[in-house]
Every structure is written in structure tokens, then in C-alpha cells.
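In what comes next, chain A is part of two complexes: it sits with chain B in the first one and with chain C in the second one.
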Partner chain A sequence: MSERVRQAQVGIVGGGPAGMAAASALAARGRSVVVLDEGQRAGGQIFRQLPPGVAPPAGVSEPPSHDHGHELIDAFEGAQVELVSGATVWDSKPGRLWFEHAGESHLLECERILLAPGAMDRCIPFPGWTLPGVTTAGALQVMVRGFGVKPGRRALVVGSGPLLLPTVTALLAAGVEVVAALEASSRWNALRALPGVIGNGARLREAMWYMKQLVRAGVKLRWGWTVLRCEGDRHVERAVIAKVDGQGRPRLGTERTIEVDVVGAGFGLVPAIELGLLLGCDSRHLAARGGHCLVVDEQQRTTIDGVFAAGEIGGIGGAEVASAEGALAAAAIDHSLGGPAVSEPLVKQARAERRASDAMLRAFAPLPGLYQLANDDTIVCRCEDVPLSEARAAAELHGRSSRAIKVGCRAGMGPCQARICGPSLQQLATADPACEMDVPVVRVPVKPVRASTIVNAPG
Partner chain B sequence: MSQTADVVVVGGGIIGCAVVHALAQQLPRSTRIVLIDRGPIAGATSGSSMGHLMVTPDTPQDYAFSRTSVRLWNELAERVGGFHFQATGALYLADCDEDLELIPVLHEQFRDNGDRCEILDEQRLREIEPGLAPDVPGALFYPGDGVVLPMLACGAMLREARQWNESIEVRAECAVTGFERAGGRITGVATARGRIATPLVVNATGVWAPELAEMAGQPRLPIYPRAGNLAITAHHVSPIRTQLLEISYLRFAHGAAKVDPAGTDDPGGHAVNMQPQSHGGCLIGSTRQFRGMDRTLNRELLHRSLARAQRYAPALKNVPIVRTWVGLRPYAEGGLPFIGPWPHLDGLWIAAGHEGLGISLAPITGLLIAQQIAGVAPAVDPTPYQPARIGA
Partner chain C sequence: MSDNRSSMGRFGSDEREAVTFSFDGQEIAARNGDTVAMALWAVGEATLRRSSREGRPRGVLCNMGICYECLVLVDGVAVRACTTVVRAGMKVERGGTPGE
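And then the complex of A and B:
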């Protein structure tokens, strides 16, 4: 890519299911589209593709939803869409997306912006979570499915939410033994989601496929268990696990120690709303959908003119929601540019997918007790090495807002800009797991970029 | 809720914290001191600021004032620490003939005050700062300056103050909404969480000090926000290890400025300032603009100051920038802060208006307020900072 300033009718941030579905649909309607994605290939998190030339391990089957993923990718790759992979969007105003690509500073000028940047892992700190070998469930999947790396031999997968299962199967496919898979939510909670899942054929088939894989590998998914701490000398060697009650509080006397060299911890996802906030879009807090979500209307419009959003950014919902919303956003964007009105079935489809995913997420309601796993010495902010005791002292002296905790102990100031610690910091520091987090304050650059990229920003 | 206090300090920035710290040191243990802030402690300018502890030798008065303050910082670092104090010294860089003329002037000022500094030749410059561009035409090194992390310093001061006086109450996230007066003097403070009866109030609210003065029924205090952009790099990538600043900074940053309410670019916008951080990153500042309380980023000025920074430290080019933000310096008319009793209302004191030197000058400011309240001889002549100069 040589031109530093380029134009398109629509600029899309994110090449996951939402971005791909929207891009293909817009191209089919004759719109010029550029998709900017940090990854090296299209697919986003869930349909992550191996780098070109890396073959998947033999004999690996895929869940039924991946048929849909292949359709999306095929349609996308066949469409008149320009994908800029390896592009980091770091600043934006309506109609303008600044990005870094191959060390150069670029600007995309577009009439409409679609934000489809997905989500981040939610981290809940526990003693030993910063030991090498312990990673988020998401990072483990990137390693295994994106780079074809085998991360270890004996794995523990812990956390809460529908992403535990794909983490387990990805590890199994890579030849890793999964010693235990622990879902902190109780079976009782799971029952609440049952009607929603049974009423939705695709989700039921998906769940059955995963269960079959686990049974075949002899992995038992234990409900109402979690990790208390990880231990080891320089690398994780063992994990202490225990039963938890309906609130996620550990039950004394149920501890067990298991030997592992890989731990994937995923306590759900948090919508990646930073770019939306930078653009000035409104957000709202929806605990059941992962926290602060961008506000979108029935046509995926944000509260800022010319800016649309689809997928996890509007609330955690999974790939089906994302692609349905992407298709809907495409129709709405096309309409806003003078195309035909948005058809009712697209709206209905997106709503139905949201309903189904909201129903399923009921099984994984937030568990306040999990915020009691950390002790005084547990690091809560990895970038700045801040232990819980300092975050607590900051909340006591400086105030209870996220800004107060940040200036009081530096938590959230590092390179990740609170993407890792932010979603649980306030609950931990105030010792009030029910407290509602403040909306994060986002500044340029939304992701770290070179100083020269900022200096040479076109426009 | 109603309570009584001997002193209420309004504003939990570096100045308010330093005032509480000095009051705890100078007044009896039994003194009831309340610190109150609308937002977090260190949440406003002091949490958005660089932490250069700067000795300014312009006049003997300036020198005594700033040098004493920096000495107090050194002592605090030795006693309690915890705020990433670094004794880096400061490197003043010249880039043109006009700049080069300033070097001997500054050198003489330090010397006249009996202090030492060094005019560097090419080799010495390379020794002190190997990461610098090879074509910097001149530089002066002053070893007495340092660097702190201002927001952590606020906490450190309050913690030590509480060791001296356990009854100190810190009330964050609670706004002062008004003042009570009777017979020409202060009698209390109204807050979002009840009133506090008190005979003494210190207004240490930085750029909001005029708002608080108005609340007390007083004429407008001439303090104006002067915005500055900052950018921070990732950890362990700083190409520099001393506090660096363009010597041209001295021409416009300090002293009296013309307040331009239209908010046009003032020349300070062009002097870059680079500060090594204890985590191995680098903080890059800082521009100057009068444009009211607006804290939106001026992208053009940011690009310019990063470009200037790269001119001196070329390796910055490939260094990741993690965040940028804007802080508001409280500029007081005439260029000097207001420190002392307000002449028109008994019991009201002011400690505000430190512009770009509030971190450096916080300890001496606190001390001057506390010594005057305690009736002790002040460590430095307080006359130039008396609020009574307004309207004089």
C-alpha cells in the first residue's frame, strides 16, 4: 500500500464476523469498502485462520458454526473489498480513520465508519495469574489457532462463559492434555439458560458438538469449580482448585492440587469500546453483556452521525450476533448513502440472534465472589506491577472512582491502558464487587503506535 | 452531617497536599485539619503534570524560593519516598543562535547564586546524554534538579502528615459548594456532604481558585488555565536519562505572560521538554495555550512537540506512544503564584496559581502558608506572593 491517504465510501474497523459480513454485503451493493484489521488474515477472533502455509493438525474437526465462518470468509475473500491487514487504527474523527501499517502513518477518509473491533478477555486476578504459563483463554487460542503453537503438555482451563469450550477443543486439537476444565458458574445457573439453548437449533447443535469432543477426549467440564491459585518456580507447575458457591465464593475444604504447565483463564469478555468512546459515542453499562457497551439503535447507528457499530462492541453476543448485526449495519449504511430502505428480515434476524445469545449468557451471570480470589500481594495491574494492597490504599485515600485509583497507584497507566486490569480494578480496589465501573477515559492513541506515526499523520 | 475543624484546605492537588503536610508539621498535633476535594486526590492538574523539580535562578528571590523547595523535596524523598524520585539534573539544550546566547546568561545566574552548573562541550554532552542527536549546538547541565511522579507524591505527603497528626481527615470526591461568613470573616464551609464550621480556609484549587473566591463573595482572582499537551511512551524505551528542555523555554514559559482569551497559539508551544520516567519510559511535553477549560487534544501542537523531541532524540521515532493528554496550568497574573492571606476576608487564605512550577514549588508553598498561620518566621520572604498584590 503506497498511498498514505486513501478514500472509500465505508471504512470498517475489524475483520471478524461483523466486519466481514458488513463488508461483503456493502460490496455486493456496489459500495467501495476498506477493512482495517490488526491481524494478519481475515477471520477475527473466532474464525482465526492460521498464517498462510501453516497446516492445521491432522484429524481436527470443527464445530458446526465454523461452516458459517467459512461461508463468511469465502464471501469476503471473493468480494470487491480491500482488506488492510496488520493495520492499527489509533485515532479517529467522523469520516476519518488514522492507522499505522508496516511502520507508516496512513489516513482513510470515508463517508461512513463501521466499528467492529470485537472484545477483550476479562481478567480476574488470582494469586499466581502472572506466572509464565498462565494466560488468558483468548491468548491461548491465538497461540494455538493463530500461530499453530503447542503451548505445553498438561493444561487447566478455568473461568466462566461459552469461550471455555473452544479453548479446550483448541488445546486438544494441538495435542495438549486438558487435565481439567472448570466453569465457575453453577449447574443451577446453567439451567436458566437451557430454555434459550434448546429453543435455538444452531446453538444446541454447537453445544452438543463441543460436549462430544470433551467426552471423546475424556475431559469433564466441572460446573461450580474454579482456580484458587497457581504456583511454581518461574513457571506454573501446579494449580490449586476448589468448589465455589452460587456467588463464586470458594468453599473451604474442597481444595485440590493438580499438576499443570499451562493454564488458560477466561472469565468472559469485555466489549472493546475505546474507538467508539474516542469518537464521542454514548455507552451504557450492561453487566450481562460484559460491561460498558456502545449504544446502537435498531439500525446499528451509534449516537454519532455517520458512525455505525456491530458485534461485540455493542455487547457480548458471539459470532452469530456479530454477523447478523454486520449484515444489518451494511444495509443501514447503504441506505444512509442513498440506497434502498433496510429490509425488515435483516432487523428481525439481528434481534433474534441477540435474544438467543442473551438467553444463553444467563448461564454465566457475573460472580462477585471471584473478586475475593486475589490477596494483598496479588498483582492487579501487570503493566505497572501494582499489588492489590496498593490499589486498596489508593481507593481509601484518593477516592473510589477509576481515575482516583489510577492516580493513586498507577494502575491502568501502562502500555495496555487498563484494557487488562480496568474491567476488574474498581471492584477489587473498593472491595465492592457490585460497584458499577466508571466509563473508561480514552485518549489518542487508542492503541500504542510509533511517535513517527503520530508526527507524520496525514491530514 | 455537621462538624468542626480548625483548618479546612480546599483542593487535593499537590498544593493542597503540601499545605496539609506543612500544617501537620508546624501546628500542634491536636489541630483538626480537613482536606477536601471535589474529585480524586491528585485527580486534576497535579495528576496530569510532568514532575520536573526545577530550580529557577532568575533572581535571588526566585532562586531562594525554588531551591529551598527542591531541597524540601529531596528531604521528603529520603524520609518517606514512594514517589519515584530521581536526582537526574537538568539539561538545557540550544538549537539556534538566539538559544546559544541564553547559555552564558543562565550559567551566570546559577553562579551568582553561589550554585554550580556546567556548559558542555560536545564530548561532555555525549557522556551525559548519549542518546542525543550529534548536531545539538550547545547545552548546559544543572545537577540540582530532579524528577518525581506528582500523583504518588500527593499520597506520600498525606501519609506522612497523618503520622504527625492522626486526626487529619481526607475527604475525596466531595465538592465545596459555598462558604459561610459573619462579621467580615469566614465561619464555615458548605460541602456536598454537610457543613464544616471553621475559622480558617485555604483555597488551593488551582485553576478553579477564582470560582472558589467567587463562592466566598470575593472579587475575581486573576488565575487563568493554560493548557499543555503531554505524551507518554511505553516502558524501557526512553532514549534519554536526564530531564531535557529547550533553553528557549526560559524565554516564554516563566514570568509574566499576555493572557489571550482567544486561545491562540502562544510561543511556549514550541519548547519541548523530555523527562525520563522511573519505568524506563519518557514523558514528552509540553505546549502552552490559553483557551479556557478546554482539555481537548490539540493534534497539531502534539505533532509539533513530538517532532521537536525527535529532533533532539532521533531514536524516539520508533518508540511507541501509549497515551496523550492535556493538563491545565493555573497561570496567575504577573507570573507568580498567590500564597498568603486574602486581604478582604479574614480567615481566607490562598495557595494557587503556580502555572508550570507547582510541583517544584509545592513544599515551599505549604511551608510559607503554615509558617504564616503558625506565626513563625517564614523560610523565604513571602512578600512577592502575597495576594494583596492584586489590584495594587
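And then the complex of A and C:
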């Protein structure tokens, strides 16, 4: 792309299920659409595609939900939509999205903005989590499904939530031995999700597919287990795992040591709401949906005029919620531009998907005991290298707010802008997992970009 | 000093063109379309920078551009290894403190 300022009726941030569904639907209604996506190809994190020329080994199958992913991608690629891959959006005002692309500074002027940036893995610090070879669960999926790279020989998958299963199957597809797959939530908690899953054919088929893959590979998903620490010299070499109680607190005497060379840890997902906050949109804290979520109404409108949001940004819900909300947002945006009224089935579909997802997430409610895994020396802010002891001292001396903790020990002041430490920093620093969570503080640039990008920003 | 680990690599079939770049002076064979982080992981290099205060090894955490743990220097500029696509002849060095 050459012009540094371009116009479209609708600017969409994110090329995952929500962004793709919305873009295709808007294009079908004759709207001009530009999608800004940070990845290399459409699909988002959930439907990552291998680059052209790379093929998985024969015999590797995909879960049933990926049929839906292929449909979304095919429709999106066949639509009259401009996709800008590798675009980092760093500032926004209603009607304007500033982004960096190939080292250049660009501006998209649009009548409507749709925020569909997705989510990221929730990190809960434990001793040894900074060792190379210890990554998020999502990182391993990207490695295998996005690049055809084999993460290691022997893996531990640990955390909580439905995304542990695709992480296990990705590793199996890459020929990695999954030594242990540990879900911190208890089997008892899992039963709470059962009615919601059984009542939803697609979700039941999906769960059955994963279970079949695990059984075939001889991998047992252990409920009520987690990691206590990872050890190694310059790379992870072993992990100590243990049973946890219903609150996620480790049970003494159940420790076991396993030899691993790669660890994927994912304690659920956190909605990526920064751009919405920057635009002035209201948020609310919904622990069951991953933390701070953007407030949207029954037509995916945020509290700021002309700004819509769909998918994980309004609360963790998965790909089915995201695509249903994307389609709904497209209809609402079209209507706001003079198109026909939003049809009731679209609203109902999005609501039904949310209900199904909320029901499933009941199995993976946040466990306060997991915040006891870190010890005094465990790094909580990886950018600024701040150990838990310093974060605790800062909270005691300066106060329990995220701002006070930040001022006291620099935690959250690095380039990730507290995206990694923020979702657990207050719980850890105050030693109170039930503490009230501050809304993240956002600043421009919302993602670090080159100084020249900011200086040369058009408009 | 290399942290090379032979258990990391690639799987499946790969017909992409080879691309060569340097990492701390060592020649690395990558594939067209790889990110710096994935090209290095595939040859067993997981340590991409040293932590700011204690100089401990750090590498890929999120692999999707969020965490900035994989900061390296590409031709002298600090960038995320996981979002930077390799180019032939690129000079990559282990990163230091983020924000420096």
C-alpha cells in the first residue's frame, strides 16, 4: 500500500473470526471496508494458516470447528475487502485509525470503526516461568499451526480453560510427546459446564473430537493439577507439578518432577480492550469472561458514537461468539450508515452463542490459589525485571492501586504496557486475589512503534 | 555461546525458498516467510535477549506481538523477533533491555 492516508466507510481492527465475518457481510452490502490486522495472514489466532508451501504431515486432522474457520476465511478472501496484514494500530479517535505498516506511518479515515482485536493468554507467574522454552499456550499453537515449527521433544501443557486442548493436539500434530496436560480446575467444576455443552451440538462434537485425539495419543488431561515451578540452566529442563484443591491451592505432598524441554502455560484469556479504552469506551469487569471487557449493547455498539466492538473484546467467548457478533455488528454498522434495520435472527444468534459460551466457561472460573505459585523472587513484571517481593513492598508503601504499585516498583512500565503483568499484578502485590481490579491505564502509542511513525503521522 | 537444542526443529513438508541471515555473527538458514523468532527456534536458539537487571536469558513468551520479551536488534534497531519477517542478509543480534 502506498498512499499514507486512505478512506473507507468502515475500518476494522483485527482479522480473526469477528473481523472476517463483519468484513464479508459489510462488503456484501456494498460497503467499502479496510481490515487492519497484525498477523501475516487472515484467520486470527484461532484459525491460523500455515504459509503457502508448508504442509502438515499426512494423517493430521482438524477439529470440526475449523470447517467454520475455512468457511469464514474463504468468504473473506472472496469478498471485496482490503486486508492490510502486518499493521499495528497505535492511536485512534472516532473515525480515525493510525497504524504502522512496513515501517511507515499511515492513517485510515473511516465513518465507522469496528474493534475486533481478540484476546491474549492470561499469564499467572510461577517460579521459572521466565526460562526460555516456557511460553504461553498460544505461543506453541502459533509455532505449530502458523509456522510448522516443532516446539521441542517433551512438552508440558498447563493452565486452565478450553484452549489447553488445541494446544495439546497442535503439539501432537508436530510430533511432540505431551508428557502431561494439566487443567487446574477440578473435575467437579467441569461438571458445571456439562449441561451447557451437552445442550449445544457443535460444542459437544468439538469436545468429543479433542477427547478422541487425546485418547488415541495416550495423553490424559489431568483435572485439578498445575505447575509449581520450572527449572533449568539456560532452558527449561524439568517441571515440578502438583495437585491443587478446589481453590487452586497446591496440595502438599503431591509433587512430581517431570523432564520436559518445552512448557505451554495458559490460564485462560484476557480481552484486548486497550484501543477501546483509548477511544473512551466504557468497560466493566467480568471475572468469568476474562476480566475487563468493553461494554456493548444488543447491536454491538460501544458507548462511543460510531465505534462498534465484536468478539473477545466484549468478554471471552470463542470463535463462534466472535463470528456471530461480527455478523451482527456488520448489520448494525450498515444500518447506522443508512442501510436496512438489523434483523432479529442475527441478534438472537449472537445471544445464543454468548449463552453457550458463558455456560462452558463456568467450568473454568478463576482460581485464587494460583496466585500463591509465585514466591518472593519470582519475576512478576518481565519487562522491568521486578520480583514479587518488590511489588509487595510497593503496594504496602504506596497503595493497592495499579498506578501506586507501578510508581513504587516500575512494574507495568515496560514496552508491553502491562499487558502481561497487569491482569495479575494487583492480586499478587496485595496478596488479595479478590481485590478490586483497576481499569488498565492506556497511553499513546497504545503499542510501541518507531518514533518516526509518531512524528510522521498523517493528519 | 550457543544454547542450541537439537530437539527443536520443523515438521511436515516445506517447499519454501531458503533465506539466510546472521544471528550474533552466526549464519542461520531460514525459510521465506519465517519470523526471526521462529527461524531461530527451528534451529534451537530460544534465548533472544538478556533481562534488564539480572541478565537472565529470555525468549519467546506470547509469539504474537504482545509481550515484547523477544526483542532483538535487526540491523541495529530493536524489534520484536516474533513479528519481524526474515530477509536475506539481515543482521540480527541478541537484544538487551526493552525500552533502551
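Keep in mind that, in the parts below, the second predicted complex is superposed on the first by the 459 of 459 C-alpha atoms of A that agree within 3 Å, B and C clash if a C-alpha of one lies under 4 Å from a C-alpha of the other, contacts with A are read in each partner's own complex, and residues count from 1 in each chain.
One rule holds for everything that comes next: a contact is a pair of C-beta atoms (placed from the backbone, for glycine too) under 8 Å apart; a residue touches a chain by one contact, two chains touch by 3 or more.
Note that this is a predicted model, so its numbers are computed, not measured.
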Name the contact category of A:Leu131: first (chain B only), second (chain C only), both, or neither. second
Per the contact definition in the header, classify A:Arg153: touching chain B only (first), chain C only (second), both, or neither. second
Pick one for A:Gly369: touches chain B only (first), chain C only (second), both, or neither. neither
First (chain B), second (chain C), both or neither: which does A:Ala404 touch? first
Does chain B (first) or chain C (second) touch A:Pro64, or do both, or does neither? neither
Answer with first, second, both or neither: which of chain B and chain C does A:Glu384 touch in the superposed model? both
Should A:Pro94 be classified as contacting the first partner (chain B), the second (chain C), both, or neither? neither
Going by the contact rule set out at the top, does A:Met120 touch chain B (first), chain C (second), both, or neither? second
Comparing chain B against chain C, which has contacts with more of the residues in chain A? C
Tell me the contact category for A:Ala139 with respect to chain B and chain C: first, second, both or neither. second
Could you list which residues of chain A make contact with chain B in one structure and with chain C in the other? 383-384, 414-415, 448, 450
As the complex stands, chain B meets chain A at residues 37, 39-43, 47, 149, 151-152, 154-155, 158-159, 170, 172-173, 231-235, 279, 297, 299, 302-303, 306-307, 309-310, 316-325
Partner chain A, residues of chain C touching it in the complex: 3, 5, 7-16, 31-35, 38, 41-42, 46-48, 51-54, 56-69, 71, 77, 82-83, 85, 98-99
Residue numbers on chain A that touch chain B, as the complex places them: 91, 103, 383-384, 393-394, 397-401, 403-404, 407-410, 413-415, 417, 443-445, 448-452, 454-455, 457
Can you tell me which positions in chain A touch chain C when the two form their complex? 38-40, 45, 50-57, 86, 88, 120-121, 123, 130-133, 135-136, 138-140, 142-144, 147-154, 173-175, 234-235, 261-262, 379, 382-385, 414-416, 419-420, 447-448, 450
